[in-house]
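There are two complexes below, and they share chain A, which is joined by chain B in the first and by chain C in the second.
And then the complex of A and B:
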C-alpha cells in the first residue's frame, strides 16, 4: 500500500516549487501578445495564432533546453534560467519572422489598436492602423511583453520539471525522466489553458486592458496546480 | 564530446529544422489549415463557393505534435524492439505518420464542405485526389525532419527525454511557429489579393477570398506555389533559428564543464534575445517610415 501522506510530507518543498512553476506559466501566458484568427488575416495586433499554442511552443522549447542542462548540473537556478532563455529565443525568433511577413509579405506596419502611444518607444500607433482593422503586426511593446511572457513560461515549465525530477522514488532514472517530462508538459498546458480562458481570445500583452484580469487566473492556477501537483507527486513518489 | 563534432551535429539539426519548418507551413497552405482556413470555411456562407482544399483537423501545433509523436513512437519501437537501422525506422515512422495525417485530412475534407451543402458548396473529388498526395508528402517530410532532429539530440547531444516526447515537443513548436509566421502570408495576403497590397484587410472583406487562379480556378496547389516564395521559407528560418540558437548557447558554453560557463550560456542567450529585440525595432521603424501613416493627424490639423 502506498503511503500518500508520507510521500507528500517528504516532498512538500517540491510541491511548493510545482505550484510556483505553474503560477509562473499562467502569469507568463498573459504577457504573450496573440491576436488569434484575426491576426492571421492582419486584422488584429499580435501573433497570428492561439494563446495556448504559442505559449506552449515557447515554454516547451524552454523545457527541452532545461532538460539538457539538468542532465549535467543539479543547480536549480541554472536549470530554470536555461529554460527561460530557450523559451525567450523561440518566441523572439517567431515574432521577428512574423513581423517580417506582416511588413514585407502583407505590406502593413506594426501598430497597436489598444493604445495611442507605444508605452516603450512613445511611437504614435492609431495613425498606422489600416481601415477596418484592430491593428496588425507586433510593435515593440508587444514584442517585449512577448519575450517576458515566453521567459516566464520557460521558467515555470523548467521549475516544474526540476521539482518532479527531484522527488524521492524507487524506480530507474529513465522512468522518472519520462514521467517528469510528461507531467511537466501536462501542468504547463493546464495553466496555459486557464490563462487563455481568462484572456478570452486575444491580448496585446502587459498594456492590454485584459491584463488586469490576472488575479483571477492566479487563484485558479494555484488551485489547479496544487491538485495536479499532488497527483504527479504521488505517481512519481509511489513508484 | 568534441566541440567541433557537436557543432556539426547542430548544423545538421538546423538544416533539418529549416526543412521541417518550410514543409510544415506549405502543408498547411496546400491543405488550408489553422486560422486562415476560417475564411475558406466562411466563403461559401457568404455565397462564394470555391475549389480550395478545406481541412482544419485541429490547430497546427496539436496536429503536428500528433504526426511527430506517431513518427517518433513508430521509429523508437522499430529501432529498440526490432533492431532496425535508424534511417529505415525514421522513414517508416514518417510514412505511418503521413498515412495517419492523410486519413484525417480526407475525413476533414469530406466533413467540412458536406456541412455547407445548403450554401451550394460542391465536394470536388479531383481536388481531393490532387491535393491529398501533396499534403501527405509534406507531412512525411515534416515528420522525418523532426524525428531526425530529436534522434540527433538524444544520441549525439545526450538529451535525456525519450524520442517520442522530444518529437512531440518539437512538433508543438514547429506548429506554433508555422501558425504564427507562414500562415499570415497565406491568410492575409494570398487569400485577399483582390485588395490593394498594403491597404490592410478590412473586416468587411471577410469571406471574400480570391477564387480565380493565374490560370483557371484557384485551388490549394496555386496557394502552395505562392506561399513557397516567402511564407514557407520564413517559417523554416524561424524554426531553424529556434533549434540552432537554443542549442548553440549550451554547446559553446557547455554547462557540464563548470557552473560559471553554464551561466555564460544564459548570458549569451539573453544577448541573442536583445539583438532580436533591436532588430525588430529597426524593422518597425523602417516599415513606419517607408509606408507612412494611413490617416493624417486630426489634432495637428486642427491646431
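And then the complex of A and C:
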C-alpha cells in the first residue's frame, strides 16, 4: 500500500510550487485578449479563437521550451524563465499575425469599445469602432496584456512541470518525464478552462471590466490545483 | 454568448440516465474484458478496451450536448479539454492505487473532481448553468473511462506499470489526450444549432469513437500486429456503419441534399 502522508510530507514544497504554478496559469488567462467567435468575424476586440486554444498554444510552447532547456541544465530559474519566454514569444506571434490579418485582410483598425482611451498609449478608441461592433483587432494595451498573460501562463506551466519532475520516486527517469509532462498539461488545461469559465469566454485584458472577477478564479484555481496536485504527486511518488 | 443558440434544456429522445448506464457499464465491461482476455488469450482481444472507450465517448458527447445547450459561453472545445484534463489525473491515480479495481476507483475519483469543479463553477464563479455540477462530474467520468479504455487497449492491460511504460513513457499518452478530448467535444461542436438532434449528434460520437479505435490500431501496429489488426478492422467497420447512419440522418434533417459537382475548370468559367 502506498503511504500517502509520507509522500505528501516529503514533497510538500513541490506541492506548493504546483499550486502556485496552477494559480499563475489561471491568472495568466485573464490577461490574454480572447475574442472568441465574434472576434473571428472582426466584431469584437481580441484574437478570434477560444481561451483554451490560445492559452494552450502559449502554455504548451512554454512547456516545450522548459523541457528543452531542462536537458542541458537543472537550474530552476533558467528552466522557468525559458518556459516563460517561450510562451511570451508564442502569444506575441499569434497576436501579431492576427493583427496583420485584421488590419490588411479585413481592413479594420485595432480598437477597443470597452474603454475610451487606451490605458497605455492614451489613444482615443471610440472614434475607430465600426458601428455595431464591440471593437476589433488587438490594440496596444490588449497586446501588452496578452504578452503578460502568456508570460504568466508559461511561468506557471514550467513551474508545475519542474515540480512534478522533482518529486521523489522509485522509477526510471523516462517514466517520470512522461508522467510529469502529461500531468502538467492536464493541470494546465484544467486551470485554463476554470479561468475561461470565470470570464465567460471572452476578455480584452487587464483593462476589461471582467478582470475584476479575478479573485473568484483564484479561489477556484487554488482548490482544484490542490486536489489535482496531490493526486499527481501521489501517482508519481508512489511508483 | 451562447454556443448553441438560445439557452435551453436540450430535448433527448434517449433519456440521459439510459446513456449514462450504457457509458459506465459498457466501458467497464470493455476495459475488464480487454484486460483479462488479453492476459488469458493474448493480444488479439485488446481491442475490447477501446470498444469500451467508445461507450464512454458516446456518454461524454451526450453530456456535452446537454450542458452546452445552455450556452456556457466559452465554446464547446473547452469542456472537452476539461474532461480529459480531469480524466488524466483521475485515471492514472485510480489505476495506481486501485490495483484490480483501478478503473472503478478512477471513475469514483473523477466523479468527485468533476463535482467539485462543477460546484466551483456554479457557486463561486456564478456560471448559472442549472446542470453544471452533475454534468461536469459525468464528463470527468466519461473522460477518465475513455483514457483508461484506450490505454488498456494500447498496453494490453490496465496495470499501472504496464500503462506507464507502454503508454506514458513512450508518449502515446499525448495522442490519447487529444483524440479522447476531440472525440468527446467534436460531436456536439459540429452539430450545434437550433435544429440539433440527439441521434445525429450521437451518430457523430460513434464516428469519432471509431476514429479513436482506428488511430489506436495504427499506433499499436508498431508494438504488436496481433492486437493492431482486429482493432483496425473493427474500427473501420464501426466507422462505415456509423458514418452511413450519420449521412442518412443528415439527409433526414436537411431540407435538401444536392451535389455541387467538381470545381469548374477555367474554360467553363470564362
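Basically, the second predicted complex is superposed on the first by the 239 of 239 C-alpha atoms of A that agree within 3 Å, B and C clash if a C-alpha of one lies under 4 Å from a C-alpha of the other, contacts with A are read in each partner's own complex, and residues count from 1 in each chain.
By our rule, contacts are C-beta pairs under 8 Å (C-beta built on N, C-alpha and C of every residue); 3 or more make two chains touch, one makes a residue touch a chain.
Not measured: the values here are computed from a predicted model.
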{"item": "Which of chain B and chain C A:125 touches, first, second, both or neither", "value": "neither"}
{"item": "Chain B versus chain C as contact partner of A:145, first or second or both or neither", "value": "neither"}
{"item": "Touching partner for A:93 - first (chain B), second (chain C), both, neither", "value": "first"}
{"item": "Partner chain in contact with A:56 - chain B first, chain C second, else both or neither", "value": "both"}
{"item": "Contacts of A:216 with chain B and chain C, given as first, second, both or neither", "value": "second"}
{"item": "First (chain B), second (chain C), both or neither touched by A:36", "value": "both"}
{"item": "Touched partner set for A:11, first chain B, second chain C, both or neither", "value": "neither"}
{"item": "First (chain B), second (chain C), both or neither touched by A:166", "value": "neither"}
{"item": "Partner chain in contact with A:203 - chain B first, chain C second, else both or neither", "value": "neither"}
{"item": "Chain A positions touched by chain B in one structure and by chain C in the second", "value": "36-37, 50, 53, 56, 177-178, 181-182, 185"}
{"item": "Residues of chain A that touch chain C when the two form their complex", "value": "2, 36-37, 50-53, 56, 171-172, 174-175, 177-179, 181-183, 185-190, 192-194, 196-198, 200-202, 213, 216-217, 219-220, 223-224, 227-228, 231-232, 234-235, 238-239"}
{"item": "Chain C - residues contacting chain A, complex", "value": "1, 72-75, 77-79, 81-82, 84-90, 92-93, 96-97, 109, 113, 116-117, 120-121, 124-127, 160-161, 164-165, 168-171, 173-174, 177"}
{"item": "Residue ranges of chain B in contact with chain A within the complex", "value": "34-36, 38-39, 59-62, 153, 157-162, 165-166, 168-170, 172-173, 175-177, 179-185, 187-189, 191-192, 197-206, 230-231, 234-235, 237-238, 241-242, 245-246, 249-250, 254-256, 259, 262-263, 265-266, 269-270, 272-273, 276-277, 279-281, 283-284, 287-288, 291, 293-297"}
{"item": "Chain A - residues contacting chain B, complex", "value": "36-43, 47-50, 53-54, 56-58, 60-61, 63-65, 67-73, 75, 78, 81-82, 84-86, 88-90, 92-110, 121, 123-124, 127-133, 136-140, 143-144, 147, 177-178, 181-182, 185"}
